[in-house]
Each structure stands twice: as structure tokens, then as C-alpha cells.
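The first chain written gets the first letter, and so on, giving A, B and C; residue counts start at 1 in each chain.
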Amino acid sequence: MTTEAVLVVGAALFGIGVFGALSQQSFVMLMMGIELMINGSLLVLVAMWARAAGGSPDGQMLAIVFMTVMAVEMSLGFALITGVYRVRRADITEKLRKLKG
Amino acid sequence: MSPLLEVIAAAAAVAGLLAVGALALAIGDGVAGAVVAGRPIRVLPLLTAPVARAMLAARTGSTTTERPDGAGRAVAPALLAGLAALAMVLLPLGPGVALADPDTGFVVYSAAVAFVMIAVFLHGWSPNSTLPLHGAYRFGAVALSFQIPFLLAMLATALPAQSLSIVRIVEAQAGLWNVVREPLGLPIYLVVGLAVGFWGPLNLPDGDDLAGGTSAEDAGWARWLWQVARLSMLVAVAALGAAAFLGGYFGPILPGPLWVALKTGLLLAVMAGAQHLLARVRIERFVGVAWVLLVPLALLNVFVSGAFLL
Amino acid sequence: MTGALIDLSFAAFSLVAIVAGVRVFRTDSMVRAAFYLLASFAATGGIMVLLGAEFLGMVLILMMAGEMLVMAIVMVMYMMNPAGLNPMVMVHQPRTAVVAGVIAFLAIAGVGLSGEVPSRPAPDPAAATAELGRELLGNSMLVFQTAGVTLLATMVGAIAIAAPRGRHGDAAEGSEEPGLQPDEEASA
């Protein structure tokens, strides 16, 4: 398991996430794409922590911050889905052509 | 001994422990039912009932539904049994004696409990049928509610040990068991344990009011496997509860592993009794109690546990 | 674990993470997509454990189990195909998205492979969990607390946005079926 191999896997996860976030119509699927992107970055971060930063504890701390970002993204995303559904009855991106509520 | 042999021996040991525990729970459940109903206890039929059920299951044909998710139906019971096995691997049987003792044993066990909801959801979703799907969504609501009380109740046991390793959590109870140190922990854990094994008053996903819920479309050996996996999960929850709250292998006179078995049996007896003495709880009431009552109580429990350490 | 076993596990986890990640967007049912996403995350958590970040990997797996279930519940509440066993295709601009994904992958992998990665491995991965604990309640306590306050603010904000009664009116207003025509509002 070389460091480069882990970086390539992380990049692949990020690329898949970009593809998903751009191609999916459903809000939930779109969020899955964003999740995969954060997941890829998290993997790269942990690889760097373990192999290139001498295992300094700050690296793990940064990973915890990444996970916080993930949780914030999810909860606000779901709250926005709920809010948008209430106002627009929309469950796909195509139904949101204008920003005005 | 070669590593491969060691792995096989460990797997056999875990499977054996779970099988003995599940059989004991099935028999004990029958006995508790007879006692509560006031029926005479006839030893032989009660002892052979689980075997009879297994033989009946083997003779009954399986069913299929329209456009099911075949992989999901096959994976769900295996996943549930595998999670029970994963939890049992962490169980300390003596001082420093456990099949595996990762530094993060607590997190591994919590992940196993969290994945129970994936297994049950998969089991209810994959037949592509109404009643199982209802059961799956019910368990979704239940499982999301019990996660936080479970994590907090278990977390309080990690405080005196100053470690997330289950072996260390048991070692820290040499002088005083956690059930005394933090009296709120075990009741919360037991309530959650009933929900994790969807058993007795908290049998919401597989309840009779849904004609079997997530297993409504199962017949024959598939249904039997799911029941065995569910009993194994209950055994694992009771065993880890005995380790985390009742001091695991600590106890006078008798050898350590026997104490583990006795304490696990005690918790299983409480669960078997709950099955026959308590009525099934309505789902919205359980969700309300979990968020409004159990979460604050579990937090209080963490504070009390922390105060003991000051 | 020996080196060969680690390499083998890494190959298996990577394969699961990537294949399941692709399947998330190539499957025809949202619930299956959620299961694939969970598989991808669990495999990534496995790689993190292999790298020595035992706590982070296990917490990621634990977190994602709950998240997958929340996704399933959101699908029941709002999506047109709640049980998710009926096939459907809900994709737009697929070609652009594929190109963008491939470019992102090539760019990041290129940077990762062309750059010089310093080799300073963690001295003792076994102590990582204890070190993280000391860091959380020691040097990085302010960061940790900030993360906690951020999560609290998120909870308050999410509830404010999603609450049944608020600046967007009653919950009952949105509780009807969504219109069948996508451009219903535009024509209204």
C-alpha cells in the first residue's frame, strides 16, 4: 500500500463525486455526490497524516473537522430539501428554475 | 498454530458461543412464557421446542415475491448474524482474554449496533412487499432514536476506564461495578438492547400487528435463519452489557468465564421476562421517550460518572 | 498484520470503494444507491483503519450507517418513488458530468503522482487514538469546541428551516402530492 496508490483512490472517489453531483437531478442523489467528494478528500488527508506528516495529531484533528463539515452538509441539506419541498413541492433540481420564493 | 487455523478456531468459538446463547434464550423464552401464562412447566417439550422449530423450517418450502432484491434478501440475515459475531469477538472472557482487543473496541461495538438498522432495513426493503417495508421504516424511526442514548450510556462506562477498549472497560470495574457507579446506565442499555434485538415490547419491525413485519414474506429456512440471527444479536447485546455494566468476569469463587455466562444469562432472563410481561409499545411513544427522556437521562449518567472520577 | 495481507486488504477495499461509488450513480433505485454509498464509505473507513487511523475509520463507518437511514427516510417523505424498487433514470447533462468527473480525477491524481510526497510515516500508529484524545482536549480544544458550536448552530438552523411552522407557513401547505407537470409553476 503505497501513499500514491491511496492518493489515486481518493482522487477516483472525488471524480466519481463530481460526476454524481453534476449529473443527478434528485436532491438526495446530488448530496450523495457531494458526500463522495468529501470522502475522497478525507481519505487523502488521512493518507497524508499517516505517511507524510509523521502522524502528528493535528492531522487527525483536521479529519475531525472534515467530518463535522460532512455532518453540517448533510443536516442543512436535508433541512433545505424539507423547506424547498414545503414551498415549491420540488424534489428535483429542474423544478427550481428561479430563486424567488 | 498457523494464522489461518487461529482464525478458523476463533470463528468456531464465536459461532459456538452464539449458538449456545441463542438456544438458551429460545428455551428460556419458552419457560418464561409458560411461567407468566401459569401453564405447567413440562421440561421435555420446552427443551425440544427450538429443535422442532428448526426441523419444521427445514421441511417448509421457501417463498418468493414479485421483483425482489435477491442479493438483499440473502445478505440481510448474514449481515445481522455477522454483526452479532463481531460484537462477540470483542467480549472479554478473563483478564486480558478476548479474541480481539482493538483500542477502539467501544466504537467497533457501536458501529455493529448501528449496522443492525442497515440489516433490518435491508431485510424489510428487499422483498418488495408492503408489510415488510412498513417494518423497515418503523425500525428506521426506532433505530435513529436509540442511537444517541445507546452511545451515551456506553460512553459513561468508558470514562472510569479512560479507554475505549472493552477489555480495559471491564478491568476498571475490579473494585466497583459500573451498575453501582452509574445506576442509570444499565436500564437505558437494556431498553436499547430490546430495541436492537426488536424483542418483546419493542418488537416493532417484526411485530404481529404487521403480520411478521420485515419477515412477513419469509418462510422456511430463511425465516428460521433470520430468527437465529436476531437471537444471536440479543445474546451479543446481553454479553457486552454484562461486560460493560456488571463487571464481566469479576466475581467470587467461580472462574471468570462462568461469571460472564451467568451475568449474560441474567440479562437474557430479564429480556425474556420483558417479552411476556410487557405490552408492545406504540412507536411514536418510544420515539418520544427516547429523545425526551432517555437522552437527558443518559447525559445525566455521563455527568454522574464523571463526578465519581473527580 | 503482515505487508502482503495489508496490500491485499487495501486492494479489496479500494475496489469496493470505487466500484460501489460508481454504482451509486449507475443503479436504477435510490435505496440501492444509498446501500452502495454505504458500502463505498465502509470500504473507505477500512482503508483508513489500514492506514492507522483506527478511530477515524470506525467513526466514519458508524456515522454513515445513520446517515444512510436518514437518506432512506427523506426518500419516503419527499421522493416520488419511496420504496425505490421501481427503476428510474433521473439524470441531466450526463456527458458534461462524465467529462468533469474524469478531468477532476486526472487533475487530482496527476498532482498526487507528480508531486514529491515526503516520506515521514507515523512513528507508532497504535498510539493514534490516545494521541487524538489528548489533542482534542489539549492543544486543539478551541477547534474542537468550535466544531461543537458549529454543529449546535447547524441543528438550530436546520430546525428553523425545516420546522413545520415558520416563515414559510404551515407544514400542511406542502403536504399535497407534487404536481405531475414539471413546469406547473411556470405556466401558473
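The rule is short, and it goes like this: a residue touches a chain if its C-beta (ideal position, glycine included) is under 8 Å from a C-beta of that chain, and two chains touch if they have at least 3 such contacts.
All values reported here derive from a predicted model rather than from experimental measurement.
Interface comparison, A-C versus B-C: the pair with the greater number of contacting C-beta pairs is A-C. Centroid distances built from C-alpha atoms place A farthest away from chain B.
Separating the centre of chain A from that of chain B, both taken as means of CA atoms, is a distance of 33 Å. Per-chain Cα centroids separate chain A from chain C by 5 Å.
Distance between chain B and chain C, defined via averaged C-alpha coordinates, is recorded as 28 Å. Touching two or more other chains at once are residues 55, 59, 70 of chain C. Listing the residues of chain B that touch chain C in their complex gives 67, 69, 72, 102-104, 107-108, 110-111, 114-115, 117-118, 121-122, 125, 128, 133, 137, 140-141, 143-144, 147, 164. Taken together, the chain A residues at the contact with chain C in this complex read 1, 3-20, 22-26, 28-29, 31-33, 35-36, 39, 42-44, 46-55, 57-58, 60-61, 63-65, 67-68, 70-72, 74-76, 78-83, 85-95, 97, 101.
Residues of chain C that touch chain A in their complex: 6-7, 10, 14, 17-18, 21-22, 24-25, 30, 33-34, 37, 40-41, 44, 47-48, 50-53, 55-57, 59-60, 63, 67, 70-71, 74-75, 77-80, 90-94, 96-98, 100-102, 104-106, 108-109, 112-113, 117-125, 128, 131-132, 134-136, 139-140, 143-144, 147, 150-151, 154-155, 157-159, 161-162, 168-169, 171, 173-174, 176, 178-179, 182, 185-186.
Put simply, chain C touches chain B in their complex at residues 31-32, 35, 38, 54-55, 58-59, 61-62, 65-66, 68-70, 72-73, 76, 83-85, 126, 129-130.
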